[in-house]
Amino acid sequence: MNEDKLLKQMVKRDPVRGAAATRRQVLQGIGAGALALGAGGALAGRARAADELTMLTWDGYVDPRVLDGFTDQYDTGIKYELHTSDPDSVNKLRAGETAIWDIINLNNPWAREMMWPEGLIVELDRARFEPYFEAMLPMFHPPYKWAMSLDNEHLLGVCQRVDTFDFVVNTDVISAEMAKDEGWDLFNNPDMAGRYGILAYDNWNIMHICMAAGLHPFKMKSDDEVATFEEAARRLINGAKMVSDDFVAVNLAVINDEIDMYFGGGTYSISAARLDGLTNLYHVVPRSGPADGKGGINWIELSSVVNNPDLHPKAFDWMEYILQPDTSYAVATAGGFLLPVGQMSQPELLAKFTAEELDSFQWDEFDYRISHSVEYDVVPDYNRLYDIYTAARREKS
Amino acid sequence: MVDAAPILRMVSLTKQFGRLVAVNDVTLDIQEGEFFTIVGPSGSGKTTLLRMLGGLEKPTAGDIYLRDERVNQVPANRRPTCMVFQSLALFNHKTVGQNIEFSLKMRGESRRARRERGLSLMNVVQLPEDYYDKSVTKCSGGERQRVALARALASDPDILFFDEPLSAIDYRLRKLLEVELKDLHRTTGKTFVYITHSLEEAMVMSDRIGIMQEGRLIQIGSPNEIYLRPRNKFVSEFMGEVNTLAVQAGADGGIDCPAFERRFTSPARPDGFANGYLVIRPESMRFLNDPSEAENHIEGSLFNEYALGSRVQYHVSAGGSMFVVEKLREQAYRGSLNDDVLIGWDAKDSVLVTD
Amino acid sequence: MVDRAEAPAPLIRQPGIGALLLSWLRSPGVLNATPVLIFFLIGFVGPLVIVLAFSFTPERTFDLGAGFTTENYEHIFTESYYISFIWSFALAGLTVLCNLMIGYPIAYGLSKLFGRWAAPVMLVLVIPLFVSENVRLFGWYLFLIKGGGILAGGLKTAFGIDTGTLLYEPGTILMGMIYVYLPFTLFPIVLGLSMVPRDQVEASRDLGASRFQIFREVELPIAMPGILIGALLTFVLAVGAISEAKLLGGQNTPVIAQDIQHEFTYAQNWPLGSAISVLAIVVTGFLVVLVMRRLDLDRLLGRR
């Protein structure tokens, strides 16, 4: 039965993160919170381990193959902490933890718009790293916007995992083509109320609700537009049959006909299940939408070197190490998440993937998805929208 | 009294727990208004017998009749009987008054009627009125006895059962309560069925006594009958200190005592008596100046003497065993320890028993 | 009686409070308890004090020195956070009620009827506790889910009955909570019922009490400390429950713990999260004190 596969998937996930935990969730947050409480916020007092490379990261770089490979090649151990969310980790650096961390891996807007201007990260040697960008997929050719400072002078990091994150449908019930045509209006259709779920990654949900409300998520909103957002948020949240921050629970609801689709969703949430044969779970990027005509959102992870006064001597070596084909493959398949990486333009790397693995993250449609998406950015009036969103969640009826 | 139909009748009553036969084929009638005591050592089955009568255990075989009605299957709460438990089983979470009135409350009597009856019962068992609202956990041992008694009387039961209620009480208070219980039996006129392991206690209070041994009722009779004519060695020894001599039936109606190589005069001999024991109560033994002063005599030496208040007890060593002689203080033996003495008795004061 | 106002002043001079405190601190009992007391202060009281302090700092700050405000508490009532309080306390109350009704007969069986079967039955009830609550709830999730679910799928295959959806309703949450917290109600009741002396039950029956009267007059009052502790334990745990609402309830029903977790993680609003925590602790603590006043712990623990 299908449940077996999803259960396996559950087991495969990092046990430290708990059965209910997902990428943007829980235990690290609580742990960090407890630590901060214990220390009264004086986190900077923590001393770094003697000669280990330290890293704040998303799950792509904590796969044993990635970590052990670096230890083998460079004779250096690695200590890492997984994020609760992008801004949370940026806040840590702001609070003085630059003395602790060597590497930080975040989604695209943070390096360029926050960390570099605030002096939290250091630049990379363009001569050393730009050749890697040239060998990547065309969208990354230098100077690549998200890897560069605002003035286009400084290289701030290297890119690897990349994809879109929008919504997921059950193709046994809703055809992929129809979903692409309908786009976000699918969730606005009163007939679909009670037939969809929400994968509760709060910051993504806010962008997706903007899209469904016909608003550009990354532009300032007028009061009228905020009212439109609120109406859409309440309607979409109330219309959801279930909400969960655990994508396994949401996927299970789809394949058991509890729901026919959910937002936010993407290859990140379904690739493992698709690899196990549940190919009726399908990530949809609309053909059109309110964001400059586009309806999809494209995220890019960027690894940067922290402005650590006592920087680990191998920090820049790490940047090169992760771009090697073997490491790239390990990152693309890390921890049971299968995701495209920018290095897949290289035949040597592409050849490492089986056909099933490529299909698990819908590789054949990758260009379509990227071309129909806007790039993930900071939501300008985030706090205001966030309060509306959480109130709607609390008052869900 | 004799003509009255028995209020409680047991016919071949038997109770087995697995392979253990706790009560074995007991047949007994108890008369209306009687104070009947069942005596036996612990493990003799007397408590099990009482629990069957009270409805707390179901008989394995045999029948129980209450006023000619078979009550084997009637549960405890539907029997017009009440039990005072060995532990008293007072409700520690309730006050004295609530304990006493429990059965009345179960019957749904009004609060006022209950209180009235409760206070009058407290008067009967001599509990001060201001104890009414006192927690039973704050009462002394004797007061708890009285509460238990009043509680059992409250429902006006036809029969009251007592499961060794005085066993855990010190001697003086026990003596006092024994008397009070007997007085209460007179004033209430109810049938009391009492069990105890102390024959002394039974003697003080009972109209009739039944002796139990290993599940069987081996002798039933008035205290006097039991005292004077125990049926076997077990009963005779159960009554307290007695002198027993192993004997055999002799040729000319006498009895032979091998230990002393002597022939004694025999009391009434049970049919077919071959060998058994000659039982002589300590107070029936006398010191003799001359063998002719009694029908039978034994030579011995005075081992020790004990003052028992109004009486004096002597241990006389003779023929390798110890004999007990009891005299009233004013008839005390005047002599010193290790004197050679002569003790003797008459045949009418002795009893022949078998095993 | 002597009028108190006219009572003469005590002739012996009372030692000052400072001297009393000092002699108390020097007593061997206090000295011996010091390591535990310090551990208790750091490990238990400390974090609570910090949470309390945070609940009075301005919104979305991470610094205890950021100022003092009560607006976090106002927000709980003005911005619909109270909804989760209502749900959590209602669900917890219902859980306690249902578990008492389910738990009492089982506890009665365990302590009075099952005899040598009590141990195996107890084992069956305890073994699930060795499995993580999340995994057990996920089992229920798989059991109840539509389509391929064990119950719905089984009924559909075997009888062609379509159960529709059984998940994502408050009732499902309640079922999950009853299931998870039953042992916490049950075992204290077993303890309570085992304190009911057999002879008192027999005595009450002998005194004419019916089965129900024995229950009401004897068993219930004597077992009450155990029942209260079971109810209390269940209630306190259930008020803090989160997994049931998340997994079985599809987050359609907000609960306090969910709100707190959300504020501390996604929302990055520690002051509000702290305020919700403090309010939950205060309300629950109030109920606990109310019940504990009726309890005699010494008796329950067999010290009397």
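Letters A, B and C name the chains as they come in the text, with residue numbers starting at 1 for each one.
Following the convention adopted for this analysis, a residue touches a chain if its C-beta (ideal position, glycine included) is under 8 Å from a C-beta of that chain, and two chains touch if they have at least 3 such contacts.
It should be emphasised that the depicted structure is a prediction, and the values quoted were computed from it without experimental measurement.
If each chain is drawn as a node and touching chains are joined, the picture is a simple open line.
In terms of Cα centroid distance from the overall Cα mean, chain C ranks first. Subunit B has its Cα centroid 91 Å from the Cα centroid of subunit A. Mean C-alpha position of subunit A lies 38 Å from that of subunit C.
One simple way to say how far apart two chains are is to compare their mean CA positions; for subunit B and subunit C this gives 56 Å. Counting partners per residue, subunit A has no residue that reaches two or more other chains. Within subunit C, no positions touching two or more other chains are listed. Touching subunit C in their complex are the following residues of subunit B: 54-56, 75-78, 81-83, 85, 87, 89-93, 102-103, 105-107, 151-152, 154-155. Here subunit C touches subunit A in the complex through residues 46-47, 50-51, 54, 60, 62-64, 79-81, 83-84, 132, 134-135, 138, 141-142, 145-149, 165, 167-168, 243, 246-247, 250-252, 254, 259, 261-262, 264-268, 270, going by the rule given at the top. Note for the complex: subunit C touches subunit B at residues 197, 199-200, 202-210, 213, 217-218, 221-222. Of all residues in subunit A, those touching subunit C in their complex are 1-3, 10, 18-20, 24-26, 29-30, 33-34, 36-38, 40-41, 84-85, 87-88, 91, 95, 197, 200, 202-203, 240-246, 249, 252-253, 255-258, 383, 386, 390-391, 393-396.
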